[in-house]
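Two complexes, one shared chain (subunit A), two partners (subunit B, subunit C).
Our next item is the complex of A and B:
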């Protein structure tokens, strides 16, 4: 069975002294100013990076996602914060008409001069990770890796080892944030390829409700890598709407991990849009810590020429009465490649689980490729679980209908693609953001040879 | 629902009395049905000519010599053996078992009386065995159009209807005979679909296979009857390494039935078979399996390990290969009947019902590799998991860049009976052509209380109701089976599952 691969994600471990594939990613000097617990966590993670090594196509989670191009770049950590940017420099990157509390990270560093955190509602605090550590060195000791854990893949270990800055968001019990919080990852090309590894800690206490709009954007076509990791903890009855719009530069590499822990009756509603980057990998990992929690994951990816977009979803139902829905749609053209890997695991005691997974793909060109793997692992009997996948092309009948009404071929195809994507764009639930994404989708399709 | 896993692990026949939970009540009510002894568990006493356990090159040479094989066959075996030594055992399947000691297995076992002219000369004990199984050879002869090449352990002892088949030009014989009588055909096709290095078990099989079936259907011939082989594993400590090769030449059609039962044993028995199907232009092969090997006792002891590689190659245009399987037996099933759709317009089908109960584990599914234009494949997989059974569907649909207009529809449904069983679905879908259309659906559910209530309110007992619902669940697959098999399959399913509700 040659096409089957080993189940293990950890190939044989190189010993510490031998050069590892991610050596250049690791910070070269220890930081004197950081608390001891963090230095320890960093050292542990560095150790794990060495033992885990780079995943190969034999590692189940990476069989369709080659790392060669990423490793060839020899990324090094961002050393200096880029403080020269002025607010007007990023005007073009803002979402028109979006009223938000804005946090801007430049190359992985919190940039207060570009951020707008005036009049936060009471109960909501937002700060940079470095600043938080400086103010209260031990306060976050129990938060880092509390949700992401230490068993995740090598990029999570790298993020801890190279942990630099990030956003710390905390909403107190019952806080209702009316305006969304916008987290903008702005990347600026440097003279050599740099990797930024922000770590965001998002914590909603019982009953808090927040909308987080996370965006990835760049100034110009720059080569860089983002390895962002979010740890999200939702208390009882808390609700987080999480919108992620990845519009990295066409030369960029993007890795992001969203690790979620949901208490009883909490709601997570996430929409992932992936359009940018040359190579992107996103992991969403959900764990329930209470019953009746609900996790809704939607996504839209547009993989164009020479682009690889990879989404891995992992929802673990360990408790009864939780619900999860996954709805991802993809359009792939040129020599693009999209990977979807969804796993719903229902443990023995997780009765009355309601899980649904759907992945639909449109292939627009001869050399486009989709690899999809919707998996169910079920150990409880009183559950409702289903998944569906389709891969197809634009239906000729629909195309004929539009053409018979005088619409040119390319426009008709574009219209049908936008219609296909529309369901996810609508799910963004914010007019300004939806328009912004629809424009990005439209521009992309316009540039694509349909 | 309230019984803990520990109850299950240490659970003896008396758990029902010890546990006061609802599950235990259900167990008490239906336990006697679920625990019904394996119907076909008995051992036939025939003298066997068995090699001592162990495997090295001299054992392979001995096997080859006893079979009177030509030199090229021995070389082929030895080449496979040498490669096998360096191969790793596959670990990716969702099954668990203690490591197998390949040196403790005897690789050859043959009933001693071999020169048989007619059925009258067959050992009466053997005939009795078949009778216990409900498949007396005499009756098989009479049964409309079914020729039986009965394999008792490793050597074919009775072959019927040979003449009638040879009139049509169809070759239907044991593979060891074919090696001697039709070496050019065997050499041309053996190992071309499943190469010895394909995986660990094919490597082992290629080195030591002792028997199996060879079928060749000549050009533009419709095989006049359905071909059937009954396999039985009889000798303790003897792994069976069957090798089946079916070649359907241009424009021909053949339907092949394979059914299996094995006597009760305390030791795990390894079965690593290889089945290769080759369909040339406009040819069609239909391969049906009912597998009911000994699944082990309540604790999962002693069942058969069924590690099988089955693959069909639609080599010519407009060819078709259809796999239908009903898997109710074996402690562990590891089996992925696959189709390589090489020819343009070729069709691959996979219909499967798999039942796991007790501590059975099944990791099964299919691979559909679309290479040719306008190739079509259908996958219907029904998994039923009861008690502590673990069941995984693992399937691959690959549509290559040149497979213009390829079409796939996959449906895998799982039915869970009881709260300690598991059903997994691991589909792999790789599409490299935009004109391809593929759909995959999967559902997992249990028998709903509403369905049960409806049936019971009409006076059906709970077992009958469950049996009816499950048979309905599997109907799509049973419809694909030849008639005699469909009846057997339904009976098997009912025996396997009656009362497994609770």
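Our next item is the complex of A and C:
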């Protein structure tokens, strides 16, 4: 008799809720001190987490990105802020020569003692999310989920369900911030694998101009998870330069979502650099709310042995006369794996859309893998759209040219990789940051068997 | 300095060099001339260690070492330099950074200290003057967007910095107008010296008006079929290659 037949003979057990894959991530106790709207948003999100469950390889957008290793860790939320760190403890993690207004988050919690927010230009306010909620409990009620919405993937729901702290940045109309704002996510390993879920709300009123340098770094090579979510709202004519440098610990898991809403004639100029983490998934989702807005997404990923770096870009052109450009480059070595999934959707009414997508990859070994999926879905008839993808190896002629000048093979390969990446490193547009990234890329490649 | 004996080499299982002999002494300039397809560039590439060429016979000794045993970078560090017929463009690789990496690789090989940025810049400026090169080339990615003449001058500039013992100029005249040719030749002549040998590979006699060789060799069908002084080049210019090739075949 088969096992199945046996089963069917057994009376059905009473329905108990199945344990969910993300149960351990959810906060165990309700927070008494939080405003009711937030408690409701949290409860809604928690319910969505249960309904959504963990995406499988059958879900669109997760085909190449397995979640097994992430789920096995049983991450639990960070419960206590880590306040023991002193400014000198993070000296090694700073970018030499970078002059910035600095916000430091330690394991997802705003750390004022490590931050430097003196002399903010008038019109620019920066605060911790917890502090903001404490000061004005209802002020952010319309901001949370205003851009990310409720339709995003389960990690966005998790971020809302586990919402704890973050950065709230507001630039008033016409504010010009000369110095960049640096948002450093610092992770420190704890006894158990912890997940931090910072939520950042960034809002630029009409005509404001800000540069945000967002960094992820760790003390030591601890196992932890970051699930960060940014909601960015750009008013008319506002301009945000957003640099993101992911240098998580090699054992870390990283999820981040950048959700953007752009009003007329606004400019978003984003550069994503991914070097660290064992497993990293980044989503950038753009929606235009006005015409003549411009969204420029560039990126560089460097995936080595046993590393997975996954980028999903989703630009939705629903209105005419907007422009978007996606330019991502990747270097994959060892048994590294990278995923690039770029979607540009041009709705029927989005005439005169100008969209360009490019994804170029350099594979340095036989076992390196890249899954690239550029998608243009165009329903308007008067548009300018293009896309291109390449996957190649280091060209032997170039390698020979360098070697014929006495440069050892490993260094020559490194030079060519850095040369390939150079376009994106230059796009960072900040010498100190570019040098920091170039060094990080060089160090990673130096450690890799080329 | 360099001694090539009975060198045989194949590309894609086709034999190109069929037993080539060549001896180059210190400070000598040898011109290798020959019709298209005679194996001139193959010789240059085999000597510099390019992949894709299989040496099937003979030997090459350079400064007493078995050259064929060495990686291209080691050959370069020992003092071999190939000026490319088609210099390669390296997008994203800054020319100054490239030159410094090359020079320091060589210094490291010889157990010398690497040059710091200031000493390196000083050395570069000094060599630039000798070659009348515009220093804007140094700030650009290697050879990217360079004109044909600029690329060739960049090759000679690299040679000036790396100070090789043996320089192989592979069709350095190709693609150059007469003014550019003169500039490149002047650069090469400025680098001539009792310790520096050169092999000038060329199809035309024209280059040899500017870089005067001590010896001229005619390469045809993978062998050197005639050697002589510089007057041999003039004779070739006048009569072409046909008569020598026919004579050698007879």
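Everything below uses one rule, namely that the second predicted complex is superposed on the first by the 434 of 450 C-alpha atoms of A that agree within 3 Å, B and C clash if a C-alpha of one lies under 4 Å from a C-alpha of the other, contacts with A are read in each partner's own complex, and residues count from 1 in each chain.
By our rule, a residue touches a chain if its C-beta (ideal position, glycine included) is under 8 Å from a C-beta of that chain, and two chains touch if they have at least 3 such contacts.
Bear in mind the structure is a predicted one, so any value in this text is a computation, not a measurement.
With both complexes brought onto subunit A, simultaneous placement of subunit B and subunit C is permitted, the two fitting side by side without a clash. Of the two partner chains placed by the overlay, neither subunit B nor subunit C lies in contact with A:125. Once the two complexes are laid over each other on the shared chain, residue contacts for A:380 go to subunit B alone; subunit C is not touched. When both complexes are overlaid on chain A, the residue A:372 reaches subunit B alone and has no touch with subunit C.
Of note, the Cα-centre angle with subunit A at its vertex and subunit B and subunit C at its ends comes out at 80 degrees, rounded to the nearest 10. If you count the residues of subunit A touched by subunit B and by subunit C, you find the higher number for B. Once chain A of one complex is fitted onto chain A of the other, the partner contacts of A:418 are limited to subunit C, with no touch recorded for subunit B.
Of the two partner chains, subunit C is the only one that A:403 touches; subunit B does not reach it.
Looking at the shared chain after the overlay, A:56 reaches neither subunit B nor subunit C. By the document's definition of touching, of the two partners only subunit B reaches A:389; subunit C does not. Aligning both complexes on chain A leaves subunit B and subunit C separated at their closest CA atoms by 15 Å. With the contact threshold set out at the top, not one residue of subunit A is in contact with subunit B in one structure and with subunit C in the other. The touching residues of subunit A, counted against subunit B in their complex, run 1-8, 60, 64, 348, 351, 361, 363-393. Every residue of subunit B that touches subunit A in the complex is listed here, in rising order: 1, 5, 90-92, 198-199, 309, 336, 367, 394, 396, 398-399, 401, 414, 416-446. Across the complex, subunit A meets subunit C through its residues 396-398, 400-409, 411-412, 415-416, 418-423.
For subunit C in complex with subunit A, the residues that touch the partner chain are 48-52, 71-73, 75-77, 81-82, 84, 87-88, 90-93, 97-98, 101-102, 105-106, 109, 141, 158, 162.
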